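There are two complexes below, and they share subunit A, which is joined by subunit B in the first and by subunit C in the second.
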Partner chain A sequence: MKLSITTFKRSQTYLQSSCSHLWRGLNSIGNEEKIEIPKRIHRSPTDILRCLETTISRDPTAAHYKYHDDPYLIPMSNVGKRTFAMAQEAGRKAAHWVRKENAELFNHLEADPVIPSFLPKLVYTEESKVTEDDLIKVIANCQVQDAQIVYKLLKNQGNKISADLQQALLELVCYYNCSDGIAEEFIEERWFRQSSNLKERQRKTWKDSSFAEELFQTISNPTAETYCTIIQGMNKYFQVDRAWKLFEEAQNKGFVLTTDTYNSVIRVANFLKESFDMRWTFIVNTLDDMNKAGVKPNLGTLNSVLHVLSTMGTSRTVKDYILNILSEFKSLGIEPSLGTWYYVLVTYCKERGMVSTILHDIMNQLENKEQQIKDISDTNFFVTAMDICRNHLNDADLAKRVDKLLHVGSNYDLIGDSYKESIYYRHYFILMSTSIPLEEFMSNIYDVLVPNIYVPEPGVMSEILKQIEVNAAVDYIPKLWTDMTTFDHTDRESLVEAVLNIMVDDVSPKKDTTLTESFAAIAWDIYVKVENQNIKKINKINLTGDLLGKVMLMLLKNDDFDKACKIMDKLDRDHQTVAGVPKIEVLELFIDHCIERKMPTRAIICIEYCSDSGFPQCGVLASKLNEKLTLDEDHLNRLSRIVGDMKLSSKVAEEVH
Partner chain B sequence: MSILKNVLLQNMKLQKNITRSMHLSPACLKSQAGRYRISAKKDFPLTYEMANPPHQIAHRKSWNSWNTSNLDGGIRPAETAVEDIFVRKFVTGTWQGLFASEVIIKRQHNIIRIAGITSRGISPRKMYFLIGYTEEFLSFWLQCPVKMELQTIADKKDIVFKYI
Partner chain C sequence: MNLNKLNIIWRNVTTQKNVILTPTPIQKCFLVRKSTTNKDSSSSSSSSSSSSDSDEDVKTKTKIVKAKTVPPKNNEETMTKLNSLLQQLIKNDTVAKTSELKLARPKDKRVPKEQREARRVETNEKKLEKAVGEVAKDIGGDTKQTESELLTKLLSPIESKESSKSLNEIMKGMKIDREPKSVQKSKAEQVRNILQNVQTKRQDGVRTQPRARQSYQPRSRPPTSIVVEKIDLFGAKPLGIFTNKDLKETNLKTWQKLYEKELKLAITHPPANYFQEMILWTEQGKLWKFPIDNEQGLEAEKNVDFSKHIFLEEHLESWCPPKGPIRHFMELVCVGLSKNPYLTVEAKIEHIEWFKNYFEEKKKLLKEVGAIPTDGRKADQNKQIE
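Coming up: the complex of A and B.
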């Protein structure tokens, strides 16, 4: 609907502008202006779709379009988002499995022309008859395992395989380390995979004496290309020593290696050389070698060098090296990518080092520019930049600029994966909640992004609660409690306590009773949730006397006497198991309510509880009760048993006088 | 007198029957398809779709299959019909007892969209599994993109239009 209105408006303005063109055209008849018909611009078939797509931005009021638009099927928490998307993908995988198991049933040809991805995959076994064309096909489809089988079959059948094909196969197996990666069509798995565990990635995963190496050995007269491929493969999976040997071997043979090979060697300098100085010398030497060999560096070279420099501590010299390298590459005409700036940020803004404002300069360069992915490290930029905005600079304005850049064009594609996205928003939320006015934060950021784009983690929620406490903005509590319930935060002791404390500490005069009502409802909700916890649950919330007291206070403020009585019963009954006691003020309030409602039995239970808990005020309470209500014999007996005859009778005696 | 009247009437009826049997069409006029009979207790639930007989299609209700196969120049009419039956059987069988409405099949270009209303009999996670499975399986079978467009209802009574 919104869209149609905008298009309507647009067509209106278009009409107006075309009218004005017409007017101008009519007026200029006298001038005999020559009409120039512009040259036809060639459009691709999808250009109009792309054009339409730019008019639509992400709608924060709706869930992501991969989810079904139905209240039951819209995920409300982080866990939900993940499980729903992954469940759908699991279903798709199940269908793939059915097709694989019953391949013979799926060979009908409905589509014309045939669409191969709908047909079952060919299975290659020992008996399969294969030709070179099959090998070409499986290599083109990146079927790494199948390519190895087909190659072996061809060899066994005594076929001769051309050098080009051998090279193509070597490239495939080196790139994928001889095993199939996650299929491209399972995008959710890629999105939710936690790939940012750097330590896990940076260890040797190259499969030694695997098919790739066998193939490399069988190539009788290896060329520079062959060497480049195997060196890059080994370096990618951190088999650095062997890669270095092959690198030297290739250089001795006088091969000219490609830029990418040099890049891969530079990238693993950390593994080849121990000290920082040796690493730097190594980099300089390698760059020198490139120069001598007449190999032109590219963006990959820049990023590899910066990658190594970013791991070389915080010293002044490293920063100087970085600036030198940047200016050198700039003079070579190599445009840095987001990944480059990521490495610069990592080097300049270390936790222990000096505070650096380099992000300001970087943002000045990048502002309002649409970025393309050029390097794998590009996806680290936004999350790191936001991290620096919060932890290093604590600068909300800069964070806003970074966030704006993220939403320029299709820059959002560079956010990386779901893990990086949530860390990005975690930093953004915490920084914004502490640095801009709470009202602005709630209306401009919280209400817009939660829950469809981002669901705050418990840590972020506690930060927001702190801000509410500081600003005494209790009006937000009912809303936040609803959110916390849907996001499954209510089993966190610290959060529940924070909410309760904010409600209890709120002493501002109430303008309307709805807030008191909802506070009582929240308090009762907390009690019910804590009471009905699963017994087997780890990290259970302990039902303390203090917590019960606070719940009771909120209930009494709202005149929920029946529910307060239930809490009192609970306190009295489970006196042994409930740790701690509520504040005496709460119990006093309870007795006041009992007096008001003329319920001496309840009050006496409470006084008994007070005396059991060792409150010295119970005598005063007892006499107050005696004073306000006319008690019968039975009640008086019970009271005197609790507090002793003395106190009661003295009071009575006073009254008689 | 009354006996005479009865005999006469019976004769007339017989005569009528004889004349009727000469016609070919009246027997066919009794249409039953797509209509529901009133139950003894009048407690048989009908959805809006069921409550409207077929002649209301395009007036009060719409088609269950949307395609252009049967228009002039349309292609694959027979295949489309058979495929639609297959899709309906597959969907109702895969979503065992969950579909509360008819399965609507909409074809546009090469895309097939399967719409319907399901009850919330299983957890949303399982529902997503079935969505993924159905979409992928049917696209393998029909060799075109298949999408599901579902709505869920908490209670089957939500879609009852009237009881007859």
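Coming up: the complex of A and C.
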């Protein structure tokens, strides 16, 4: 239908254009067509590249770009990926170090125009000759330590520094708390850095009586900006009390403070006021002050207020305040960012409080829209939303919507870092594995994302195994075992046991023998792995009789008698170290196989083991062996030594009888 | 809701499960034991660990007590074996103890809601069946089928879990009589006693077990209990604080710049393809900028017009003779210079200046040769023209 319309349209336009050609030919003089030359669109140097880049989507079958240089060494496990990337980063750091140590070797100007980032860094010492331009440059490059040195040098050399420059320097040192952060070039390091500093951020880290404060003191007639800078800096690093004093001082002096200063004061309301009520009054008062002073709030104000509200318990009023604030800022024309929704989610969906479905409404707002980063808290949204989908709502459809939003445009950039990404997928996997059919989960999610985009952690793996157990989908076991081997999960006792139990408990009739074969291979693999563990390992898997019994069972089911014999030898030999005993059924099966293969010696060893382990059935087994095979004198002697003459002979007698 | 109920009931049932579900192995082992009472000690007084797993029966207990009193016929071999085993047990026991360092902790006085509920439950099995029925109904489809599936699932997995206790866990619950008398016991007795202890412990520890599980449980809630309640995110009454119409946003310049930089770094991740890497390198100034411009980085030249580079003859006019070999030579120099992309205009003029000075030095000689027309002759010519 659609197609026919388009073809029809096309023929129509063709007709029109040919008509117009004819028409133009007829009265070419009369009708003058005006040619409009479009205005030139200025493109930035990266526009073409960005355009090309959008044509490439992430290929889940390929390893990440950073790993693909060396196909043989492509890492598969989480630890491996991290180690590989950090090794690359370490190489980069080593190169930086060499350049720093041998700066004189890198002064040749190979490139024209010169590439500044390849040149060795300037080192400022006591003797350096510096000018104001140097200070401007180091401030622009965010070299915090260097800026301090250059400033001191300039002072010592008796130069006058302009007020603007002093202000810029103060802002720099306050922003970074007088120390350099991770250099811009080390992207991997930032990506793999654990977000553990989130907790650390909540305590005072401001460096008291540091360069920033000294500089603040030396500024003879401080302006509003000077005060704003130091207040923002102190609040950023939780030197709350002194910031508050300066804030009051500045207000008394009648300065008009910046929006960011108010934001920073609101953000630390938790430290300034004790009770929830007092915090809320404080927020309202501060906002009122802003209104009076004619300071326009921005997104930062909104998020700061919500940040405080999100720590104020689960009561109904807090939730109402949130909605009030949202509509207040909406009427001011301030659009919420993902970070805003993050705070809303945190407030509404507490672990202890009532279940709230606010995520549905938020998703209605966000759906199919490409998001830009506007606030630093924006990167928390996706991981929190997925957490709520799983733990709060347990809603797979909603989780799918969140995941879809993550893949709109360049929204994936907002995932945060590797740590947040893996938590996001952890929630996604566990939720999906429990709520959609297992086949669908395995083919649509597991096979797509594992191992290149996400490597399931042991906890997730055990959840998947549980689902396999519930669904009796034993076909997936060989595949999962392969994956577990590549992801280094085989040293987890619980996982190994889970796999083994699933295989043992599987009673479904086998259509093909390949599964039995691979089960036997897996069981043998488990045995070999457990047997060859490093002695010094901390969490070693204990070789229990039960485990060995299960391995043996799988081997016997596949007629792997030789390997089963090895297990039996192990059981018999290491009686002292192996805890517990296998199930008697397994030993019986082993003896059956011995009988089948006419190997009385092995059977007798097994019976001896049974009797040593205190199985009452060994008498029965012995007589069975005696029944089925004709034993020689030696064997009979051994048997009778184990189970006692009487029994054997009585049996024999019975038989004879 | 139904699932939740199911969970609670299931937890309660697990404690009784052993008795309910596995009567047969007990009986079996019992029969066997009877038939072999007067046999060799090692076999007669033993029971398999697997069967004693489910030993709960009072009768078996009494049996065991009896077996204990019978002095077993020990030979040297079993003695040494037993000793070594015992030593090992003791060793392992201490290890387990050290690792199980329990520190004082505030007691959680609150009784979880689910436990409170669970206490009210009288007949677990019935509730269980009912709940399973409800769930099956909710799921729809073949209710009988799902019901039976759920029930079998609920009643089966505990055995495998118990057998999968690690050695340490078993050891934890052990109490070993360290008096020499205990050495007299046979190996099987040891094992059985140990397992017995574990079992009774486990029965005692029933109250703690579900609690441990509960810490994980309440996180996942059943989806059925949720009704999507519509919340109008922007529908609430505004606070009405910002009444001032003349609001102005002010910000610190450098601070703002640094914040923007931080935002940018927050979404700069390791490049995922070559284009992204090129973007990164371009931004770091390591690559030519697209579209390729071979004058990139020649900022000083931007203000110099190309004609200044090409038309250099004007710099000859002031000194060069209008014709003759010097003029010819200099014109060639100009052509050469005009085609040189590597020199700035100043450098080109400098070149020309150099030749000017050179010819100035050699002026006398050049005049003699006639390369420069003499002033006299030149004056004559001028006069003639006039």
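We adopt the following convention: the second predicted complex is superposed on the first by the 605 of 657 C-alpha atoms of A that agree within 3 Å, B and C clash if a C-alpha of one lies under 4 Å from a C-alpha of the other, contacts with A are read in each partner's own complex, and residues count from 1 in each chain.
Following the convention adopted for this analysis, a contact is a pair of C-beta atoms (placed from the backbone, for glycine too) under 8 Å apart; a residue touches a chain by one contact, two chains touch by 3 or more.
Please read all numbers here as calculations on a predicted model, not as lab measurements.
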Room on subunit A for both subunit B and subunit C (clash or fit): fit
Which superposed partner A:390 touches (first subunit B, second subunit C, both, neither): second
Touched partner set for A:437, first subunit B, second subunit C, both or neither: neither
Partner chain(s) touched by A:118 [first = subunit B, second = subunit C, both, neither]: both
Touching partner for A:362 - first (subunit B), second (subunit C), both, neither: second
Touching partner for A:72 - first (subunit B), second (subunit C), both, neither: first
Contacts of A:297 with subunit B and subunit C, given as first, second, both or neither: second
More subunit A residues in contact [subunit B versus subunit C]: C
First (subunit B), second (subunit C), both or neither touched by A:313: neither
Which superposed partner A:83 touches (first subunit B, second subunit C, both, neither): first
Smallest separation in angstrom, by C-alpha atoms, between subunit B and subunit C in the superposition: 6
Subunit B/subunit C common contact set on subunit A: 85, 115, 118
Subunit C-touching residues of subunit A, taken from the complex the two chains share: 43, 45-50, 52-53, 56, 58, 64-66, 85, 112-118, 139, 142, 167-168, 171-172, 174-176, 184-185, 187-188, 190-191, 225, 228-229, 232, 256, 258-260, 284, 287-288, 290-292, 294-298, 320, 323-328, 330-332, 344, 351, 355-358, 360-362, 365, 373-376, 378-379, 390-395, 413-414, 416-417, 434-435, 469-470, 493-494, 497, 501, 504-505, 542, 544-546, 575-576, 579-581, 583-584, 611-619, 643-644, 647
Residues of subunit A touching subunit B in the complex: 68, 70-73, 75, 80, 83-85, 87-96, 98-99, 106, 109-111, 115, 118
Sites on subunit B touched by subunit A in the complex: 120, 124-137, 139-144, 148-152, 154
Residue numbers on subunit C that touch subunit A, as the complex places them: 29, 32-33, 36, 39-40, 42-43, 45-51, 81, 84-85, 88, 153, 156-157, 160, 163-164, 166-168, 170, 186-188, 191-192, 219-223, 225-244, 246-256, 258-259, 261-280, 282-286, 289-291, 296-298
